[in-house]
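Structures incoming, each one as structure tokens.
Same chain, two partners: subunit A is paired with subunit B first, then with subunit C.
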Partner chain A sequence: MSGEPSVTDKFETTPDWQIVAVVMGIIYLAYIVSGFLIGFPLRGQINAIGNLTFYVAVFAMLSLALNLHWGYTGLFNIGVVAFMAIGVYTMAVLVKQPLSQDPTAQIGGLGLPIPVGMAAGVVVATVFGLIVSLPALRLRADYLAIVTIAFSEIMRFTFLETSIKTFTLFGTETGLGGGSGLVFNVPAPIDWLTSALYVRGPYLDFVGWFGTTLGIGNPKAVVDNLVYSIILVLVVVAFYWLLQRIGRSPFGRVLKAIREDEDVARALGKDTDWFKMQSFMVGCGLMGLVGVLWMYDQGAINPNNFRPRLTFYAWIALIIGGAGSNTGSVLGGAIFAALLFQGPVYAKNLVTTAVGSGSAPQTFAGAVAPLGNLDPGPFAYYVLGNINQLQIVFMGVVLIWLMHNRPEGLLGHRSEEAAAVDLTDRPVVSDGGEVDE
Partner chain B sequence: MGVRDTVNRGRIVAIERPDVFLVWVLGAALVVDLLWGLATGGIAFSTLASNVWDGIMRGLVIGLAGIGLSMTYSILNFANFAHGDYITAGAFAGWSVTYLITGFGEYDLGALVLVGPKSNVTGTIIGIGVVSTPLAVLAGLLVAGAATIALALLVDRYVYRPLRDEGGITLLITSIGVAFALRYLIAFVFDSSTRTTAGTTGNPAVRLNFVDGTVRVSSHDVTLVVVSVGLMLGVHYLLQRTKLGKAMRAMADNEDLARVTGIPTERVVRSTWIIGGGLTGFAGFMLVLWKETIRFNDGWLLLLLIFAAVIMGGIGSIYGAIAGGLIIGIVASTSVIWVPSGLTEATAFLVMILVLLFRPEGIFSGRSTA
Partner chain C sequence: MSETAESDAAGDAESPSVAGLGGGSPDMAEYPLQVEDLRKQFGGITAVDGVSFEIEAGTMTGLIGPNGAGKSTTFNCITGMYDPDGGTVTFNGEDVTGMDPHDIAQRGLVRTFQIARELSDMTVLENMMLAPKGQRGERLWQSVLPGTRDRVIEQETELVEQVWDALEFFDIDHLASERAGNLSGGQRKLLELARAMLTDPDMLLLDEPFAGVNPTLEARLLEHVHELRKQGYTFLIVEHDMDLIMNNCERVIVMHQGKLLTDGTPEEVRSDEEVIEAYLGGQA
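What follows is the complex of A and B.
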């Protein structure tokens, strides 16, 4: 058995960045090749790649932020979605045009500049992080879990509440929109960004050139989507850099020490509560930023976008990649987005392009009955029509499988040591010292 | 001297724990406000009584389902996030049978088995109710319990047992996976629509006079009270008078010690799932009978309230779970007096968070058995 390194050995010794690069390559190749084989139109292809990149980026960001909480500090936060919602709701209320300027809008805003709204979203999410962390950090991990998920539901109920659908803030009529949510009646992200950078003209020229070169009609939506996704990838890089910095700083070492053994960290004179609070706040601020970047692009927000399900998506991404590793978080976000989140939908699109959507039965009974006559057609169409539900079943099964077979995730076993120096790299002493292995 | 002691103790609390003091002051203010409202006629006695009755109904379901959660939480040491979906699974299994028995021969078989996924077959149309079709309801109730037991044992065998030695957080994350898979499998098979399961025809109600108005009590309310109180007494007897109950308490206390003493821990775990699962299935069926609608995420939406009840009552205590359920149910239902109706559940969660912060061991701690 020895001698030939097995596949797993090879995996264990490959540098993280190579694994990420290879996995990303495989994902994109699979999307592009399967799209071409099935004869997907070019416009749809580019759009699919844009969407894929978008979700890879947002889940990588969420996973990184969560890694700060769980991977570094050991805080079991399952209220992620609350902080996303707080971030983007803050932004919406601040940047939406006042009713005086856009009387057609149902709910007005304060009409502040967009960067101000974004920054305020992050700040308010951070402040809420502080408020939640104040009492919650005294609790056991499972109690913290229940408190944070209850907090996320409290926030969702609050956003849904009709009595604060509209209110007056600083003399301007605004509100949270209740069950009908809020619409961003401001320019879409790319429109705003290109205008703000004074590159609107050249950008539109580029879009036109892109469309005529590739022969795509109405290219703007597609190109906007792709460009925004690429910007988000840059934000992922910034997140990664920030978290690597935090992880390697003395601050990050204390966080890891807390994760390993809080009592020891406290015995060494560290104010562990304060460190945990800071870690919680930074993570919540980042989650608020993800909420802003994700939902601003959607053009509208609704309280029911922020169900606990989304929190668990972020968790699955983190667990796939491996808690404790930033590279793993990015990898987990990418794999989750590509295979579990976008994959089934993309596969469905491909199949319906290839064979048509058929006449799917209305109910499960209508799908199962023809199986008796060895006719799998209706069942297949039913599966296709209800892929959104099966997809979540599949996520659940993957999560169970991971907890059974690889609870440390793909790269989690490489979680960095709390020590600043590499403890495994001991110099071999020549005269009679122990020789490693 | 009693009064002086209390006052002194109050003063000490006020100085040493201002946060606890604040919560007490707030609670007292609400009680005063309630009494004032009743005295001046701002709040009708009958409205309050209706809210409390509604809260008791909700609390009984929560308490019944909470017993199972509390038992597994203390014996297996993890918060089972799939518990809510056990409730839904039990409800669908039971109601499938109730529909089948009531409408067999008259309606499409597939629609009956799937609990009327499209609105052409509803409980109102086929006339389900505890008075009109008592046998179908009873059969459904029993199947709901049996199916949930089978499900709980199956999931335990293949999902939780291999992880028995892992920590509570590993199991908690795994249970989230189970919850996802179960809930959306139910949605895939039974459709994700909301359906009406029972109408007023099979469910006569009386309006009882109460001070300044009436309180509506339906036959399903009464059924819920009878079934849940009966089951709670049964569990009480089982855990107090049998060796199994003693073994469970021993295991919850210290698993290693229990094993050393010769208690067959795996068998106790199985019994725990059987008792807990059965009660959970019954709770699911009764929840649907009482609220007269069924949907694939009913149990999940109830789960946080059940956690609230279990934590409030002290994890591991079945009496705590029942009492906690009643408190949470009544809090959620009576809070409409002060908060908008959309925030009643949020209020219950807030109360749970306060309990976790100020009394994480539960309000009945130290008095728990089994």
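What follows is the complex of A and C.
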């Protein structure tokens, strides 16, 4: 506001992609530096980068999918995790080997190819999106919130349910596994992918070369992890491409109008229920895909992976980045993953390396009492010992700070014009009339 | 659920009868809008109490009445925003009572709101681009798939041109990239009117369209409305400015406490005792 450009002014005028690039640079640099400070060996360092990239990617994807619901259409979906669960459970049931092939498994599957399972996961999540949206979207906006949160818990209890722990589907015995969940028991993502692409030999050669060159023993797990994360980054790019395409189109324009004032959209002849349904279904399908890509890599799933907490993580990522902006969604996903999701554990390691892990008091009172004697040690150790619980507190603090200081998120105020062409570029009226982008 | 009527707009494309009253465009009904015994209650209040009227094609009709007479509620019932408690609404010969607002708008009956409802976080251009009917890119797959996207872009390019012309006409082209929420009250009214026009309706229901618009522009807009009227478009206008109504409308409908009080030419209405009592009050 004043004469000389402040940091905020500079931020406002910097192109989005530069902000993303700078933030990513800072995040990775910080992780590498703290990795060295902690004293990670090279193997640990690479593994840490792989993990960071993995979480940056999945939260960016979740945030993008949620942005279609909330940022574009104003649909308040707080049941994100249910659609992730539906996606990956569908996949697991379809791709697990039948009991006849894999008699040691607790629960059998249909033994279908992995791509079929993935696609079915997305389709079934989409269909559930339709089912949930049918009653909810016709009601007032906040009903969708109630319906989705309820739905996500109902789904979790359904997965926990013992009566459908096993059942018969198309004559094959299968099931959802109840509380103990499902173990995939199929090749891990990279193993499957390299075989499917007939590059298994060269890939293993590369892994071996990588290990000897850098002096890492047993490099396969580390390299697999890193390669899978990079593949996920490519999927983020695909998500981004799709959502930009949707956002910058007449379809996206109607979604935006619905978010702003649904009555106006209807008065202009738009069948808003149908648009909301489509937006909801596409977002749910994408969430199903995130579930598939995230959990398939873990090798096993159980209902406790799908607590509502995960939904709120997606929301925090979106709010940090700024609802309404796809670039912001990616940025929010990255910042959330690096700072709030992985960050505290890293900070703990860092501090523990620096000052050693003293004996933490058992109770909060035991931690606070010595503060009276100006001895912060026990309190600090107590904090470190409970870092996982405190993570949630940090998230709360960040959210409150954002609400007060930047409710629109980092990039939410930057309107991304909802049109397939640049509107401000007034067409020159010439006799030919040019048709280009 | 998703049928998009692309053929609707064809009706008014050719309008051979330029000459004055009575002759609307040929394939539009003589009385495009017929309202029959319309009723709407809110709890104890009867906001619209058995209102009936017909609007002739290619005319401009004024709907007047004191505050709370039920004018806006009548509009809401006609355009499907509210479900009427009784009565029928017929548009171009089709019973549209209780239809969804978007279905009614698709059929060419479009309204504007008394309190301007701009889409505030969208730019003026985006607001305008939303309006045209039959946009290919409103189908999700057409906007996404590479082959069809090109045709969407083609259509967008055509629309942008149309939109800029409209912005220029309504004198808000200098605000094109502005967030609609940043516009002044009068500018919002203009935006809303321009947006409604871009849907290419057969008939427009305008709820106090000129409130807050400066007199020069108001005169220009009225001129434009008259032009459109001669081409066969039909207008029903709610307005509190009596002079405007008396000077521009062929016909005036007066509502009072939910009921239709009088319906006639400006001269007839002006001399009606009841109207003078109920509405014009001391003015006469």
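The rule we apply is simple: the second predicted complex is superposed on the first by the 383 of 437 C-alpha atoms of A that agree within 3 Å, B and C clash if a C-alpha of one lies under 4 Å from a C-alpha of the other, contacts with A are read in each partner's own complex, and residues count from 1 in each chain.
Keep this in mind: contacts are C-beta pairs under 8 Å (C-beta built on N, C-alpha and C of every residue); 3 or more make two chains touch, one makes a residue touch a chain.
All values reported here derive from a predicted model rather than from experimental measurement.
Chemist: Is A:161 contacted by the first partner subunit B, the second partner subunit C, both or neither?
Modeler: A:161: touches subunit B, not subunit C.
Chemist: Please work out whether A:274 is in contact with subunit B alone, subunit C alone, both, or neither, and reply first, second, both or neither.
Modeler: It touches subunit C, and subunit B stays clear.
Chemist: Touch check for A:246: first (subunit B), second (subunit C), both, or neither?
Modeler: So A:246 only meets subunit C here.
Chemist: Quick check for you: in the superposed arrangement, does A:256 touch first (subunit B), second (subunit C), both or neither?
Modeler: The answer is second: A:256 touches subunit C but not subunit B.
Chemist: Where does A:374 make contact in the superposed view: on subunit B (first), on subunit C (second), on both, or on neither?
Modeler: neither
Chemist: I'd like to know which partner A:264 touches here: subunit B for first, subunit C for second, both or neither.
Modeler: In the superposition, A:264 touches subunit C alone.
Chemist: Spell out the part of subunit A that touches subunit C in their complex, as residue ranges.
Modeler: Touch residues, subunit A against subunit C: 242, 245-246, 249-254, 256-257, 259-261, 263-275, 278, 282, 324, 415, 417-421, 423-427, 429, 433-437.
Chemist: If we count contacts the way the header does, which residues on subunit A are in touch with subunit B in the complex?
Modeler: 76, 135, 138-143, 145-147, 149-151, 153-154, 157-158, 160-163, 312, 315, 319, 362-366, 368-369, 386, 389-393, 395-400, 403-404, 407
Chemist: Please give the residue numbers of subunit C that touch subunit A in the complex, ascending.
Modeler: The touching residues are 1-2, 79, 81, 100-103, 105-106, 110-111, 113, 117, 119-123, 125-126, 129-131, 133, 135-140, 143-144, 149, 152-154, 156-157, 160-161, 163-164, 176-177, 179, 195-196, 199.
Chemist: Mind listing the subunit B positions that touch subunit A in their complex?
Modeler: 78-79, 108-111, 113-114, 117-118, 159, 162-163, 166, 168-170, 172-174, 176-185, 187-192, 304, 307-308, 311, 340, 342-343, 345-346, 349-350, 352-353, 356-357, 360
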